[in-house]
Amino acid sequence: MIYLTRRERFSAAHRLFRQEWSDARNEDVFGKCSNPNWHGHEYILFVTVKGEVNPETGYVINLKELSKIIKEHIIEKLDHKNINLEVDFMNGKMATTENLAIEIWKQLKTPVNKAGAELHSVKIVETENNFVEYFGIKDL
Amino acid sequence: MIYLTRRERFSAAHRLFRQEWSDARNEDVFGKCSNPNWHGHEYILFVTVKGEVNPETGYVINLKELSKIIKEHIIEKLDHKNINLEVDFMNGKMATTENLAIEIWKQLKTPVNKAGAELHSVKIVETENNFVEYFGIKDL
Amino acid sequence: MIYLTRRERFSAAHRLFRQEWSDARNEDVFGKCSNPNWHGHEYILFVTVKGEVNPETGYVINLKELSKIIKEHIIEKLDHKNINLEVDFMNGKMATTENLAIEIWKQLKTPVNKAGAELHSVKIVETENNFVEYFGIKDL
Amino acid sequence: MIYLTRRERFSAAHRLFRQEWSDARNEDVFGKCSNPNWHGHEYILFVTVKGEVNPETGYVINLKELSKIIKEHIIEKLDHKNINLEVDFMNGKMATTENLAIEIWKQLKTPVNKAGAELHSVKIVETENNFVEYFGIKDL
Amino acid sequence: MIYLTRRERFSAAHRLFRQEWSDARNEDVFGKCSNPNWHGHEYILFVTVKGEVNPETGYVINLKELSKIIKEHIIEKLDHKNINLEVDFMNGKMATTENLAIEIWKQLKTPVNKAGAELHSVKIVETENNFVEYFGIKDL
Amino acid sequence: MIYLTRRERFSAAHRLFRQEWSDARNEDVFGKCSNPNWHGHEYILFVTVKGEVNPETGYVINLKELSKIIKEHIIEKLDHKNINLEVDFMNGKMATTENLAIEIWKQLKTPVNKAGAELHSVKIVETENNFVEYFGIKDL
């Protein structure tokens, strides 16, 4: 088993708030992230897959293929978008980095399998000071 | 003369478009940056000041003071904000990195002078692949 | 389970040596790190916690709270300090990055638990070429 | 158990192709990486070892020793070399990052053991957008 | 005047040597860089252009256009290539980073002008420890 | 004229204070940097030299030679040292990054000239958020 990671980036706007909460409570819990006029980040996404090395190619999976899967299922839906308003798989979810990692995992699991590898983890760097990693339903 | 640079960061949303243009023309010129639902970036700001070294402190300017000036005049106005809608000094300007650098320069010139140094340049990194630098009205 | 990591930094001085050893043996084992006049590093600390996502907030733990815990228990004690002389939890320990990671883990375990998450790992980057990671008493 | 990682770099040339395949098939599978005139990368290698902290030194392993092992067994053989033509342990293997990680692991396992630690993982960053990690024959 | 920089990358193989010199002299002057079997780097290219901000778009030059110019004139010719054997504008030149920066400047000067901006500098990072910058025939 | 930059690093301890000032005034001006027990940084040094390209080698200056000059005159004196107590050329100077850059410039000017190039600038990164650059007595 070997682990291969592909890095991609997307620029997106989001906002953290609960409609049923008062402005004061939203401000208290989410701070500046609850700004009604949105703000944004340069998200960095690391997708790690695992598998045996194909003896003919020396690859776990062809990086071109992995990159294509991530672009098609994730980047095209998130890049230069509003996470709260425009991303189907985030519909009805709080637009936190935690939820983003979990939902990206769900989007990628099947396509990565079909391409002959297994999805290991999804890591999202929101700012240089915080990032989130998700390994699916089994604990690491 | 010695040059001292302070790095600060801000997360902001923006959109590039001209109201008097058709959607098609906005899309053609600004691409995904014209998305009406906004998108965002993790902007990194480098402010460079210059001056003689104070022989008593060994400082051009006290970094705490420089950082305070940048936070008060720039970061508090931009961080977790919408550049098009909420930033007074960007009012009526296209929200490009170029204009942001020029307007940040104008905001900082006087306060930096008052603190005893001279503003040399404002550099803004929008993504890891592009940045803008402004040196004021005199060419470098 | 999802993993959330917070990055913090601290500048500190330290020295590696054993008083009962000769200067020559200290020099042989610890090299330049045994300099009696101290030297220092820009330590980068990554604290990873894990837990379930709170469905109401979309958070594992509020980053503001995690950052506050790390600042109060770790950064205030280490930043701009001498690790050998001034840091209570390093008292009587060799000031290596290994021991620093283990002792920081011990400081953070309870406060992170009280905040509703579980401490997963403490990683310390001493220079760009070496870092240490500790996962507590259970092996990874 | 604590984990210690050492970073090293090497500049090398390589080419991905199978002699028994047509140029078209090589181009299709390996793309620009099949260029017969070679191309190169700035590989970044992270070697992670684990072990108990030696109470006398506060070290898992002396970094000088770990660095010396990596330089002698890996860097001297790979730096400024052609991976396909000049590296004994890559002889007859596809020069992918996956195979490089696996073979580097095999080279380091015994010397790291002799130095009193256990090899945990070998990670190779090929470009800023892709890296590979190998943990030996047991899955993580 | 404002300065806009675009970053691009290319992976290439090269070798430093003079055919008329003995192997010993090549080894003495160029060290490991004279390896006849080539080695390679992950070159990072920063192209800086300058100009007035277009009041209608807020751009010095459209980044898409600048990126297209760099890709067409530089990256397609260098990426996954052998600098000594395959790059027309390096023909007959020593494949140093210095010469690469000068020749890339010559390639870009006219196309950048035609696109309405002025080429300011070409910077090439060969490894994390060394880079070269060229500002054309006028000294900075 | 082309500009070549070499990056080197050093770990050092320092303290900012004036003996003739009260503790309160030192604390007020220098903050945590006045800690009597020292603290430290991972300083990153960028030395830029300029000159014509030697047509025979394609080099401004041989990087090995430049690196040797910097190591001999600067790194050996600063690395794992106490800047206030152990560095001859900082004797009697406030141990700020500004003064460090100016004094490193003075140390390097002559040796770089003798090696056939001209010293252009000395840049020192103290933390990821602040750095200083010095271009000698002529303003940039």
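For clarity, chains are labelled A, B, C, D, E and F in written order, and residue numbers in each chain start from 1.
Simple rule for what comes next: contacts are C-beta pairs under 8 Å (C-beta built on N, C-alpha and C of every residue); 3 or more make two chains touch, one makes a residue touch a chain.
Nothing here was measured: the structure is a model prediction, and the numbers come from that model.
The minimum number of touch steps separating chain C from chain D is 1. Chain geometry summary: the mean Cα position of chain B and that of chain C are 34 Å apart.
Each chain gets a centre from the mean of its Cα atoms; for chain B and chain F, those two points are 28 Å apart. Chain E has residues 128, 140 in contact with two or more other chains. Shown are all chain pairs that touch, namely A-B, A-C, A-D, B-E, B-F, C-D, C-F, D-E, E-F. Per the touch definition, chain F reaches chain E in the complex via residues 1-8, 48, 50, 53, 56-60, 62-64, 140.
The part of chain F that touches chain B in the complex is made up of residues 16, 18, 29-31, 93-99, 101-102, 128-135, 139-140.
Interface of chain F with chain C (complex): residues 9, 11-14, 32-33, 35, 37-42, 79-82, 85-86, 127-128.
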